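Take a look at these structures.
Below are two complexes that have subunit A in common, paired first with subunit B and then with subunit C.
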Partner chain A sequence: MVARIVSTRTDAEVSLADTFGSAKATLPGNAVVKEMRETAFGAFAAHGLPHRRIEAWHYTDLRSMMREALPLAPLPDVRALEAVRVELAAAILPAGPRLLIVDGTYVPTLSDALPEGATVRSLADVLAEGRADLIDKLAAAKFAVGDSIVALNAALMQDGVVIEVAPGAVIAEPIHIVYATAAQTPVARFFRSLVVVGAGAKILVTESSLGAGGRVGQTFGALIFDVADRAEVGHTCMMTKTEPGSLRLDTFIAELGADVTFSSFALVHGEGLMRRQLFLRCVGDNTKAALNGVSLLKGRDHADTTLDVEHIGLGCEGRETFRYILDDSATGVFQGRIRVAPGAQKTDGKMMSRALLLSDDVVMNNKPELEIFADDVACGHGATCGGLNEDQLFYMQARGISRAEAESLLLEAFASELADNIGHEGLTAAFRAEVADWLAARTVKG
Partner chain B sequence: MLEVKNLTVSIGDRKILDGLNLTVKDGEVAAIMGPNGTGKSTLSYVIAGKPDYTVESGEVLLDGENILEMGADERAAKGVFLAFQYPVEIPGVATMTFLKAALNAQRRQRGEDEMTTPAFAKKVREAAELLGIKNEILKRPLNVGFSGGEKKRMDILQMALLEPAMAILDETDSGLDIDAIRIVAEGVNKLRTGKRSFLLITHYQRLLNYIVPDTVHVMAQGKIVRTGGKELALELEKNGYRDFVTATAAE
Partner chain C sequence: MAAVQETVDHVKSLDVTEYKYGFFSQFEMDMAPKGLNEDIVRFISAKKKEPEWLTEWRLEAYRRWVTMEEPDWARVHYPKIDFQDLYYYAAPKTASGPKTLEEVDPDLLKYYAKLGIPLHEQELLAGVEGAQQRRVAVDAVMDSVSVVTTFKAELAKSGVIFCPISEAVHTHPELVKKYLGSVVPTSDNYYATLNSAVFSDGSFVYIPPGVRCPMELSTYFRINEQNTGQFERTLIIADAGSYVSYLEGCTAPQRDENQLHAAVVELVTHDDAEIKYSTVQNWYPGDAEGKGGIYNFVTKRGDCRGKNSKISWTQVETGSAITWKYPSCILRGDNSRGEFYSIAISNGYQQVDSGTKMIHLGKNTTSRIISKGISAGHSQNTYRGQVTAHRKATGARNFTNCDSLLIGQNCGAHTVPYIEARNDSAQFEHEATTSKISDDQLFYCMQRGLSGEEATALIVNGFVRDVLQQLPMEFAVEAQKLIAISLEGSVG
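Moving on to the complex of A and B:
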């Protein structure tokens, strides 16, 4: 007897199909883009939401965790934008131009102009105009092949920003991409942004969120970097301010030319279900890339960082360093794959994940992988899980420091050791403040 | 005044201190000497409040108050200080941050105001200069990458800042060269004022040339087996601990 396997679509998958069906006529883009959207949704529909039998999603079973698909966020109205304007005015961000994305839509009236050497346009405009080179970069077809969440984002992307930095331009202040929420009811937001960095240019891009509070939502974001030779690029992402019950799935893609210096740092300490998936390709020779991240998790938070780092050029250096602090019943996931293509000789890759477990009920899943097809490389990975060091705690207590303060000092030290990699004083201070807030809200047990 | 009365302590199934009695009066410098494995470090840890030990019986009184029920931080605020045999490295915590946290934590526990940053910085600089601790060391994470001598000096610096009533120095001389011993000893001698008491734990008589004790206790198999003046240390240096170990073993 042959068992018949019937693929049943979940409620969320059915809703997503309905959403695409009713929105596709109005989503931005010329005929080529509309075709791309159809193909992308087809790819999503063929596989459905990723689940535990898909290796890259093994520890974040979205199919069972995503019970419903929320309706697509409407364009923010005037009143909503006024509320965001007030919120933005109160936000503490280091100096630098701000680009506001409200419920997935770029809002130029709330955004600053970029300095000379850099331009910004809305994704919607770029998709409508259909410039082939930009559409090609936005499609990022070489990345995340088969990932249905990236496909879903491609099908439903509402808006975002496209930043172009001229060759040789040095943008001194960070460019802040700021996400805000406006809808009064739970909605889903799909945005995709692209940063094209010309040869020899220098730029720092940050992503952060305004703290609206009380708004459950689903966010599917993508940020793509296309970096030409000799450029120096920094990136930070503060994945904070999500609400319990929320879903935030970010895809980060970067393609790097030769002699590039690239550094990315992320802080994850929102609530709910969070996943950052990063796809990095070092295509040119002698490029240095560093991916760093700190995840601070408590309650029933679930945060997943999944890396796919591909070395293609000669003599590239990759450094991936991630830290987790898990408390209560939180779940952390770190998956890191380093791939060294045939011929990518002299690749120097190191990946490290360290987790501090503060409760018996936390779960940390570490899965580093190396796939090496060149014979003259130095690649390594490591992963550790452990508790706080009791000798250190006693030493501090013997000096009069309470157990709670001693724990805080050690946790702050553990989280902040990567802060030097941010490479910007104001952003480092903002990161430290976020860590301090998280620690202050933590209750010490025992 | 520190009074240890009939203290019996075990770790797991092993009895380490066995009905130990010891008194260190106000202003007294007492030395405890004894062979390896007799429980000297355990005694220092139990007084300081390390949680790994089980106190089977007995009391530890500081100025008449039993401190055994207190946490290590409370004991520190009451004036107990332990200079560690192996000071612990704390990566990521800047030395100055740590020192300030310790000083202010004790002040808060005692209901005193926290120290202002300029006053604190001045106090640290002065104490560091006396102990030959370079400024750049204060900027590093606590004890990370410090040499053995630097770590010990850092502990003595903490003692100078925290001004304890009862300071226990657990083999502070181990791993130090002659110059470092002299510097550490001078640091300790400067703090020998008023009511402050010291308990020096050491294997060797050498440290006691620099810090001259009022009393010398010999410890063997978890108890004090002989008490005398500073001349007892010289006798031990000459004859070793053999007599005491065999005498107690034969009991």
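Moving on to the complex of A and C:
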């Protein structure tokens, strides 16, 4: 507050500018898209990497945390793709078509076809074709205004998938978007995907990562949902399999019509610096949206979940529930904002963040916000943080359960309480397995 | 529930949307030239016959202030303030150090009587309501100077020092030098720095070790003169094992232009000491169209330096066009406790951005925040608070509860809490809700013969009851009336 910071460009900002300068000619898209890329990069360059003084990034100071910008990932070669194919075959994923994105590029040869009622194309094709309505949805201009990381993604997006679900179509099995890495050296990947869901359609989309190859890297992802009236949409994201020193910044955007049922669940337990930012707009009336997440952190992990939920339609319901377990020297960040626009009467919004702190070296920063411009609403938020309950531990130890086991039981219960919200048996099992893995790897102190 | 009935009666008896304290009185004033520069700072310092070190202290603050920029992070909007278009010093001429009430300008006394401030000790001693009447020592500050302080002699008997800070600089320089700026440093923020440069008066309180202050202490602030800013500075020190309850009230005349009020309040508690600080802020809020009103940019902070010490802030904010105020507690001593109870009511075009900070540094420190925001009309009401536990603050605990009530479709209520835990034994709980007055409750009351406005006042009084209970009795009654007045015209 004392004096304005005169910002000089950091090394990372300088090399991002170089990257854009040399890559913009070859990045996909027609003239309109190229223009959009220029504008987006201009917006990024004007603000630079977000830092403490940018309110939405208050606890994740990218300006100091992102020391360097890695070179853009090259197109995966045949040998790399073969390795990914082997890995994919071994991966345990619930049944359903898989769409593979290798180093930011959609690889149709490794992907499955979608069932009737849904189509998939690569983002590069869509950008080259330039269909105005899709470009418009991909630009998502109403969201994340002023966020320079979203702008950076828009400027440098290499590829991704564009899924369209016809009105009324019911896709029974989940569609898996699977991220894989092939590059042998650390690289940066930029991808953006779009899911357009027609009126009354039903779909479940999952995001997960394969774990091998040069996992250390920088990932700037964006997934956009455009959901028409009466649709039923589920989404899960497993943000896992990153290594210390890596950077993963995901942006999730959803615009919901009327009478939509929408639910999203995320597990964050990779390593390094991770941030998920979610922007949700309930435009239509009587829509129900639920966002859930569990973050399991250890070492020097830094995981940030930032929500911006905007209620515009009448009578919408929003439920946001997030859990954190922090060990070692990990840092957890939860920022959630419920916004109720003027006239969005009868909005019912509830947000809850709970954190368990397991070491005296952890940091948990909570910032739940309410911004309300309509009077006939019921909105609330809660945030708690604290250690494990000693009474509960004592109770179990008194009955012959070791301290380590007792801790594990309590932690598992805490993390798994939200599992029921996933709404898919196979995915719930996958989530529980991840939690069990994390707990098994944990060493109990004292 | 007798008090609630009283409020209802009071609302009935009132004229509609009338700011009761909007009058202005003509006094002969001693003013500094308009504007701000080093000479003005020296002028103020000279007027107060301050020692060299204080003049330098002010000048240093001024030099720093010139390099600073106005903060813009709060959710308040107002045209840029021209700091050169203000008078930084205005004093009623007759007020140059009266020894007794007899020496005070009788007009001034009448003026305070009009405000309902009991300056006459005798009146109080006579006790209109007999034995139940509690005695309150009052320091009345008009524009830039303290006009009179009551009960000084009696307080002195128990060793309590209660006087204008300008007087304390001369009578207790060692205390002032030791504590001034030790909680809110001159570099703290834009308005605190400005205040450090130009502060004119305010109260100074020192409670010696082991003394429980025999009566409530109170300061009454009044802005009277046109185009003046008020920059008072309050410093309260509770030495080991002492206790004091301090009340603060404010009003200003009704004017079309906006006036600036940038105060600094510093509290220090040593081992086992307790300060209870209550505010009823009722500066002129501007008219129904949002014209005029006070800009209230205040820095209030308490430092729990000693073990087992406690600072409790209670505030009822009904006035001011803009409120920018975050009474905070630094919980430095082990087992110290901070409390913040707030009622913030906004109506018309008022903008409130208020809250608190609880900084847990010592072991086993606890804090509690209860904030009730009520917005009506076209107003915006924001709670902004921070709770932090540092790595060494093991066993820190906080409970926060922020509730907002919306009355009408054009207002806004916002909550922006920052909750930061840096060790595993910190236990923080935070909850916030926003809702409107329940139609069922309103219907129930109205069915039993209350008007919409009466029913609203009744329900609002229930909503804020947790906080009202924290206020000293006299203030609680005043606050209840204020709540009713502030919400007038917001229903129907």
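Here, the second predicted complex is superposed on the first by the 438 of 446 C-alpha atoms of A that agree within 3 Å, B and C clash if a C-alpha of one lies under 4 Å from a C-alpha of the other, contacts with A are read in each partner's own complex, and residues count from 1 in each chain.
Here is the rule we use: a contact is a pair of C-beta atoms (placed from the backbone, for glycine too) under 8 Å apart; a residue touches a chain by one contact, two chains touch by 3 or more.
Nothing here was measured: the structure is a model prediction, and the numbers come from that model.
Three-chain overlay on subunit A, with subunit B and subunit C fitting side by side and no clash. Judged by the touch definition given at the top, the superposed model places A:328 against neither subunit B nor subunit C.
Annotation for subunit A, partner touching more residues between subunit B and subunit C: C. Looking at the shared chain after the overlay, A:385 reaches subunit C, while subunit B stays out of its contact range. By the touch criterion defined above, A:87 reaches neither subunit B nor subunit C.
In the overlay built on the shared chain, the residue A:360 is in contact with subunit C alone; subunit B does not reach it. Once the two complexes are overlaid on the shared chain, A:394 sits against subunit B while remaining clear of subunit C. In the overlay built on the shared chain, the residue A:348 is in contact with neither subunit B nor subunit C. The gap separating subunit B from subunit C at its narrowest, counted between C-alpha atoms of the superposed chains, is 16 angstrom. On subunit B, the positions that touch subunit A within their shared complex are 48-51, 71-73, 75-77, 81-82, 84, 87-93, 97-98, 101-103, 105-106, 109, 141, 158, 162. Across the complex, subunit B is touched by residues 391-392, 394-403, 405, 409-410, 412-414, 416-417 of subunit A. Those residues of subunit A that touch subunit C in the complex are listed here as 1-4, 55, 342-343, 355, 357-387.
Subunit C contributes residues 67-69, 71, 73, 187, 189-190, 391, 394, 404, 406-436 to its touches with subunit A in the complex.
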